[in-house]
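In the two complexes below, chain A is the common chain; its partner is chain B in one and chain C in the other.
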Partner chain A sequence: MKAHKVIVIGDFGVGKTSLIRRYVLDVFSDQYRATLGVHLYKHSDIVPIDGTEQQVKLVLWDIEGAPLPGEQMMRYSLGASGAIVVGDLTRPDMIEPMRRAADMIEARLPGRPIGFAFNKHDIAPAPDDSNIAALKDRYGALITCTSAKTGDAVPNLFRDLTARIIGGKGGAV
Partner chain B sequence: MRQPINPNFERMRLEAERQRLAELEERSGTLREMLESQVEAARKSNDALKAENAALKSALEAQANSGGAKAAELEARCEALAAELSERLAAERQHQAELKALSASLRSQAESERTTAAAFEARCEALNAELAVQAENDAEAHAKLESLRNALTAEAEGAQNKAALLELEIKQLTDRITEVDIAAYEPERLRTIITPALTSALREAGQESPDEMANVIAPHILKTVKTEILNSEQELVEAIHPRLGVLIKMAVTKAVEDLNRKVDNALPVDRWIAAAKGRITGAPAAGWLLEDGNTFIVKEAMLIERQSGVLLASERSEMDVNNASPDEDLMAGMIAALQGFASEAYGATGAGDLRRFSFTEDTVYLRGTPTKLLALRCSGVAPPEVEARVDELLEIAMERMNGDGHGDVLMIDDFNKPDVAETGGASGSKIVAGVLGAVAAVIALIWGHSAVTNAHESRWISKIEQAIAEDDQLGPYPLSVSREDNDSPILVSGLVPNAAALKALEDRINWSASPFDIELNIALVSEVNR
Partner chain C sequence: MSDVKSFDARILLEGARIVAVRVDEDLVVREVVGDWCEVSVGEDVRDTVPALIGMEDELLQELPYIQLPFVSLGMSHEQPVAISVQRDWKTQSLWILLRDVSEEASVQERLVHQHNALSLAHRELAAARDAALTADKAKTRFLANVSHELRTPLNVVIGGASILRKPREKPLPTEDVVTFSNDIHDSGVLLLQLVDDLIDLSRAETGNLTIHEEWCNPSVIIDEMIRLSRGLPEAKGVEIVYEPCAKAPELFADPRRVKQILLNLLSNAVKVCDPGSRIQVETEVLESGDFKITVRDNGPGMSPADLAIALEPFGQPNAETRSRGTGLGLAIVARLADLHQAKFDIATKLGEGLAASTSFPVERLSSNAG
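The block that comes next holds the complex of A and B.
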């Protein structure tokens, strides 16, 4: 079974590692440890694709946080089948860094599905509908409010993105 | 006698008669008039009746004419009523039949209820009889309970007395504790009190149950020593530095001695093989003799998509298939990330590509094309031609990938064979040279045997190490497994807590299945204590 590479990118401390650890290991720690370089996680899951459940294998690349996508992030993103852009709902200016990261993915990985994860939904409300609609229109992306702490919507985010990767729907909704 | 006639009277009577007659005549005339008027009225009435009669007659005739239609309507209505009545009658009959059936069913139900009631009655009688017997038994139980209660009451009184005694004892103990507590604040006094007691208790315990003492304190001592070594690394180095030089000198001397002994003790056939290998490869024969103990094996080959790090194909050596290995998908990602980092840092011309790095005890050889990476995870001492062989395997893998893209693209067990150079067809191996072909085949056979023997040895050493690791009580104790040379047994040496742990370890080792001699050189902590 071929493994699919999924990159997880976003600013420092938005919860990229926490989201992956919640999905892969079903654990959460509130101790912040910055990721240096890249961490790799492997996870097998069963995902409903076109009405049938399929066994899939994902290699998740947890790339170190940066406010702007740099050379390192671009290098690590090569060959990815899909990407998750993570933002922190508690930060007022979270949308712009997410847009830039998504622009980088569109430029380097055209046609790959993108998922926007608005994290820390357990302590902050969802973004405005206008922002969500704008992101959907612009990138045709999955948009999910997640909480790595409670696990809310985390598996669905990864499964929906995987379904898009395998279903071949690309970035279009 | 007849009374004489009175003429006056007679006259008077006649007069009255005459008057009366006149009245009658007058009255008769009135009546006549009345009659006449009545007759006239009757005649008028008769005429009126006649006219009325004629009118009625004509009305009746008219009515008789319209009577026919009404009669037909009435007849139809009568027929409809008759039909309705007949339907109602039929329904009524059916209803009656149903009522009869219902009545029959109710009757049978009543019969069954009656039977059930009779059965219940019988059951009630039986239960009554049982209750009567139980009541008798209850009376006995009650009596028993009564006697039990009396016994318990007596016991409770005894317990109360005991509690009073215990309270007294507690009071005395509390006083003692208070004294000890006071003493605890005076360390000198406390030491004076407890030192003799502790010394005596430890001595007794050491004499009476040395094994138990060893079990209890040995793990703590070992843990403490390990922690102290870690915490005082610098001091330790300084402290042992003078001694370390001597130890290193001794170790080097021993290694040289081992080397000499190994060369001296090698079987004639081993020497002959080493000499042949030396002749063929140009490497010293002694080097081949030593290398046999650490044969080069390609444990795993991975073909990786360069950019994404996705594993395209992988293969593990049959010689390594029983050992634990790192997750190949994660390793593929890591290798791609490392290679990407190196290329990024030193340029994408290929000059910056990693060609080899160490991973745990293994060495990973890397070769890349612009789109693919070949990674070989190897162990053992690498022969001089390994780099060329890696290039050849990448070439073979690429050729196979460019073909149908299916099936085995790597074939590392072919690679592990000494004649892989021929398969690649690119390297100038000396093995294929003319007359030496037959000799090389024999060497390859013996070499292969040697490799298999070494693989067996590694597997058995791993099995024994696993048996040690699976035993929880051996966790903190220093134990090692090794084999000095091909003629030596596998040696298990170190320290275990007691004889029982040693026995458990012996039981875990499957002696009879081992193709090698296994020797235990293990000390017991309990023995060491003595």
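The block that comes next holds the complex of A and C.
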């Protein structure tokens, strides 16, 4: 069975590692530990795709955080089947770095599905509807408000993105 | 037969903690040079090096460009490796080089961690600084408003008193004396109200505004406040009616503060209503069990922008009513509602009147509600 590479990118401290560890290991830690380079997580899951449950294999790339995508992030993104762009709802200026990361994905990986994860929803409200609509229009992306702390919406984020990857629905859905 | 024939090359690779893995076009391992990490001949290299999953197209290029400086398995926290790919032009073999970077990584990781922690701390400090600046500006604006609101009625008091005390040959006509005396009295009342409101607001901001709760009958309070409001000068020609729900519950609250809430809302309503208008006070027990008191008028209403201004201390969006209140009423009502764990809400549209409601939680009601 083919494994699919999914990269998880975004500014540092937004919760990329926490989201992956919540999905793969169902754990959460309040202690912040910076990710250096990339940490890989292999994970098998059963995902509903086009009405049937399918076993899937994923390699999740937890990529070192940066406010803007740089050379290193581009290197690590090579060959990815999809991407999750993570933002921190407690930061007032979160949207622009997320757009820049999504622009990099579109340029490097055209047609690959993108998911936007607005994380820390347990302590901050969802973004304005206008912001969500603008991101949906521009990138055709999945948009989910998540909480790695409580686990809210985390599995569905990864599963919905996987369904898009395997179902062949690319960026402009 | 090995493609790395030179003994020196082997020594060099092992000394640099590099494992060189030769793979075929199917990415099956054909040769391994170096022994610090376990890669077995005959296996798919992607099983040991999952970082290569998804990179098959690039690996099969004539000049593959794959440089991954720090890669580790997140689940097991294995030592990080740097991965690079080289094609040997003499033999066309594809070599994957895995270099142990654990020493660099430990230093680099500390640096990245410190950099990120400092950046996050910087952002938090910047946010705190912005919040402090905003609060400082709000305080300055507040003080300016207080000064302005104090000066206006004080000027009336001083001006009126100056006229009355001025020696003159002929005494002032009686109606002038009455007018100036009334102005001085009204301004004094307004000043007293302003000072009382300021004290309440200041106590609320510092968490010192207290309530003294007891069981009380909201209908009695509402009736009393409606009678008082009918006596307000602006209430002339305005109809104020009470429409109670079928069985109003007893309320565990501070009756003085509930009166304050109602009087503020009623006096706001009468100020904006023209003669002939109607103000309704309604009570309702909601499905949730909460008890809602609404003061509804059919006045000019407010736009969302004006409503936001009205909810700020001293916010008076309508210039016509500016001289007739302190502009602190709604801010105080909101805080008094908070103290009772009640929800204060305003529903209004420009030209469609305004309904200000306070919903007391079910826990504050006697069990005879319904």
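One rule holds for everything that comes next: the second predicted complex is superposed on the first by the 173 of 173 C-alpha atoms of A that agree within 3 Å, B and C clash if a C-alpha of one lies under 4 Å from a C-alpha of the other, contacts with A are read in each partner's own complex, and residues count from 1 in each chain.
The criterion applied here is as follows: a residue touches a chain if its C-beta (ideal position, glycine included) is under 8 Å from a C-beta of that chain, and two chains touch if they have at least 3 such contacts.
None of the values given here were measured: they were computed from a predicted structure.
After superposition onto chain A, the partners chain B and chain C occupy overlapping space and clash. When the two structures are aligned on the shared chain, A:A133 is found in touch with neither chain B nor chain C.
Legend: residue contacts after superposition of the two complexes on their common chain; A:A107 is shown touching neither chain B nor chain C. With both structures placed on the common chain, the touch criterion links A:L68 to neither chain B nor chain C. In the superposed model, A:K42 makes contact with both chain B and chain C.
In the superposition on chain A, A:V24 makes contact with chain C only, while chain B stays out of contact range.
Contacts of A:G79 after superposition on the shared chain: both chain B and chain C are touched. Among chain B and chain C, the chain that touches a larger number of residues in chain A is C.
Residue contacts after overlaying the shared chain place A:A3 against chain B and chain C alike. Steric collision with chain C, judged by C-alpha atoms after aligning on chain A, is confined to one stretch of chain B among 205-213, 295-303, 457-465 or 511-519, namely 295-303.
Residues 3-5, 37-38, 40-42, 59, 72, 75-76, 78-81 of chain A lie in contact with chain B in one complex and with chain C in the other. Residues 3-5, 12-13, 17, 20-21, 24-25, 32-42, 59, 62, 64-65, 72, 75-76, 78-81, 91-92 of chain A touch chain C in their complex.
Per the touch definition, chain B reaches chain A in the complex via residues 305-311, 327, 329-330, 332-334, 336-337, 340-341, 344. By the touch criterion stated above, chain C contacts chain A in their complex at residues 46, 50-51, 53-58, 66-75, 80, 105, 108-109, 112-113, 115-117, 119-120, 123, 127. Contact residues on chain A toward chain B in their complex (touch as defined above): 2-5, 37-38, 40-42, 57, 59, 61, 71-72, 75-76, 78-81.
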